[in-house]
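Chain nomenclature is as follows: A, B, C and D, assigned in order of appearance, with residue numbering initiated at 1 for each chain independently.
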Amino acid sequence: MTEPIAKGSSETGRVEAFSDGVFAIAITLLVLEIQVPQPEVTGHGSTLLPALLSLWPSYLGYLISFITIGIMWVNHHSMFVLIQRTDRYFLLISVFFLMCIAFLPFPTAVLAEYLADPKGRRVAVAFYSATFVLIALAYNAVWWYAARGGRLLHRKADREAVETISKRYLVGPVAYGLSFVLAFVNPWASLAVHGLLITFYILPVRKPTASRPAI
Amino acid sequence: MTEPIAKGSSETGRVEAFSDGVFAIAITLLVLEIQVPQPEVTGHGSTLLPALLSLWPSYLGYLISFITIGIMWVNHHSMFVLIQRTDRYFLLISVFFLMCIAFLPFPTAVLAEYLADPKGRRVAVAFYSATFVLIALAYNAVWWYAARGGRLLHRKADREAVETISKRYLVGPVAYGLSFVLAFVNPWASLAVHGLLITFYILPVRKPTASRPAI
Amino acid sequence: MTEPIAKGSSETGRVEAFSDGVFAIAITLLVLEIQVPQPEVTGHGSTLLPALLSLWPSYLGYLISFITIGIMWVNHHSMFVLIQRTDRYFLLISVFFLMCIAFLPFPTAVLAEYLADPKGRRVAVAFYSATFVLIALAYNAVWWYAARGGRLLHRKADREAVETISKRYLVGPVAYGLSFVLAFVNPWASLAVHGLLITFYILPVRKPTASRPAI
Amino acid sequence: MTEPIAKGSSETGRVEAFSDGVFAIAITLLVLEIQVPQPEVTGHGSTLLPALLSLWPSYLGYLISFITIGIMWVNHHSMFVLIQRTDRYFLLISVFFLMCIAFLPFPTAVLAEYLADPKGRRVAVAFYSATFVLIALAYNAVWWYAARGGRLLHRKADREAVETISKRYLVGPVAYGLSFVLAFVNPWASLAVHGLLITFYILPVRKPTASRPAI
């Protein structure tokens, strides 16, 4: 009885570790996009404080991107409680998903560079939201492939939980699609959708009970 | 009896691995902030030695940030000897904590750029210390959430050790708060507090005995 | 009976983890090569959209490099299902292989910089293909060393699978060699070979059956 | 009987994983120091090939640093076959060692920038060798702390192997010290010492026999 469990755990173990690696690196690289104010710009430090404050778009981009990836990591974690097996196509879809995650530092840097700029703001926010549409679609693809017909799930995976998760994940692409459209109308409203989604995904799928943990 | 233990270990396993990943990456990215002296500046190498020596603020920033994160990693390690379970909120607080850690290369680079500059030094050191106030608060939040009422701890977790750790961790925000204030008075004294805190946290909580290991 | 298995798994465990680390980092660093269009170039954002579109060589390089490394990671994963042991020379060959993988962000950046430029295109694509020739040869060396005479394989490793893999991996150096030569004739045809190889390696070695999983 | 073993393995597990993370990141960051030749310098690509060839000091630095860290990783791996336990001081010494490893991309970049330059070459090679003296000393400190009186070793650790390793590791600081001195006399001879050390550390400590694996 022990062997299949051990095998299953090692099977998803490596894709979990690899995903965690890409999550961790992409999330940590975000800071490299924040540029140190150069001495020529700050009068050799005499205006360093306002210069640091004027980097607020960089801090905001860092905050949204970091927390969103962080929550995705937490949910990815919940997902793999239910997934027991892997196969080639699952690994390949995971690679595609990770490619979208790893791309995020670039649109975040574009956002940071142009958010304070009325002429570039719309395109920058739209580009940022479009990346999240792609990430959310890829995230759903990973889950759909694993969950469809219970293909890669634990046999005992709670059916209700699986359906709740499926519905919940679908909110992502729709909401990010909305934020993409909103970017052309009002970039700030578009970013507000990102904030709302963070709040939505922080909430657990269901309250934990004595017999069932929160997922 | 075996299952809960195995489950527990795998439960904290992934958050430990992810934290270690972010710790390792943030700590290793610090070196990217040290700029190679350009050939135009060093007369094509004829003044390379003084140019390398004049980078001492970069080396100092690298040293303090690396060792402080390293010690935090060691203590994080000790913390997870006592923590057995995770839940969604714990993971989210951990994400917030890691966001603060991953931000550190930026204030370190600001420090390196302006430490030798009398006009920017105060703000640079204050910004650096302020980041550590945030890191220390987030670190305490991770511990408090897990330890409060023994929420996520091992049932057999040594109560005395838990209380000692709780007190000890509180030193961080207070001392870094002090170094933040000191930065405006005397930046060197402020950095000295960082050095003292490193010494403080290197010491074990209690001497190891035959029956109890150092923590 | 349990011990040898546990030992074997721990033996390859660390090289798998280290390889995964280098794979994950190299793949994630690719995004750093994409440069944010500067405000001076985009008229402070008024031409941000065309500026983002003109970065297509960067996106293409990111796409090909990411997916190719991703597939290599998946196949590396399949390889280690069959490999049970390690020795010093195997680890050293793995280090050499990882050195080639970790180098990839550089030729990818060269490709992105010169692909749209008729004068530099041939050399850039040839340099990119030459790197893949080296990667493919190193990948084969890792496998050959492990598989030759079953040196490091599981005793029960399916012989037919081993031979199929051996033949399949040989396609890599030959096809990348071809894409290297083609680069001087027609750089686009050379890149098309990269696309074909991605398709080829996505297909499983054999259809999974009830008794044998896909590899 | 099972528990102490499981505990021991998990005890060194996290420091091994963290070390592997820093090794993997430092090694992979090396490529970031290689600069893409800019279009202004290469006549928009017409002199791309000679420009890529003129980067040979970067390739050489990448090669030496990557392989040396890679071999250190392999030997670190052998070291942890013998080490069973950790304690606070061991972790702190490990942090110090990793700080030296993670610093390496900087002297490698300095070497790449000034190796082709007769005026800066001596200082660049000496700085590079000095870093390796530090790394080798820190590496020895990790081993000495663990091995002294068998402090953290397996009880059954082969005594002869422990002594052979101790002697072998001492070669590092001495040889790198020599290469440091040589840098001022003849930088190429100094780099040759790095090459010889790579060859020396590639050889196993002893031939594997039926009863004893190579270490």
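Here is the rule we go by: contacts are C-beta pairs under 8 Å (C-beta built on N, C-alpha and C of every residue); 3 or more make two chains touch, one makes a residue touch a chain.
What you are looking at is a predicted structure, and each value in this text was computed from that prediction instead of being measured.
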item	value
Relative to subunit C, chain with the most remote C-alpha centre	B
Copies subunit B and subunit C - rotation angle from C-alpha fit, nearest 5 degrees	180
Residue-number overlap at the subunit B/subunit D interface, same or different (half cut)	different
Separation of mean Cα positions, subunit C and subunit B [Å, integer]	35
Intercentroid distance (Cα basis), subunit C paired with subunit A, Å	25
Interface hub residues of subunit D, defined as touching at least two other chains	17, 21, 25, 29, 32
Contact graph of the chains (line, ring, star, complete, other)	ring
Set of all touching chain pairs, with the criterion as stated earlier	A-B, A-C, B-D, C-D
Subunit B residues touching subunit D - in the complex, by the definition given at the top	9, 16-17, 20-21, 23-25, 27-32, 34, 36-39, 42-46, 48-49, 52, 62-63, 66-67, 70-71, 73-74, 77-78, 202, 204, 208, 213-215
Contacting residues of subunit B [partner subunit A, same complex]	10, 14-15, 17-18, 21-22, 25-26, 29, 32-33, 87-88, 91-92, 95-96, 98-99, 102-106, 109-110, 113-114, 117-121, 123-124, 127
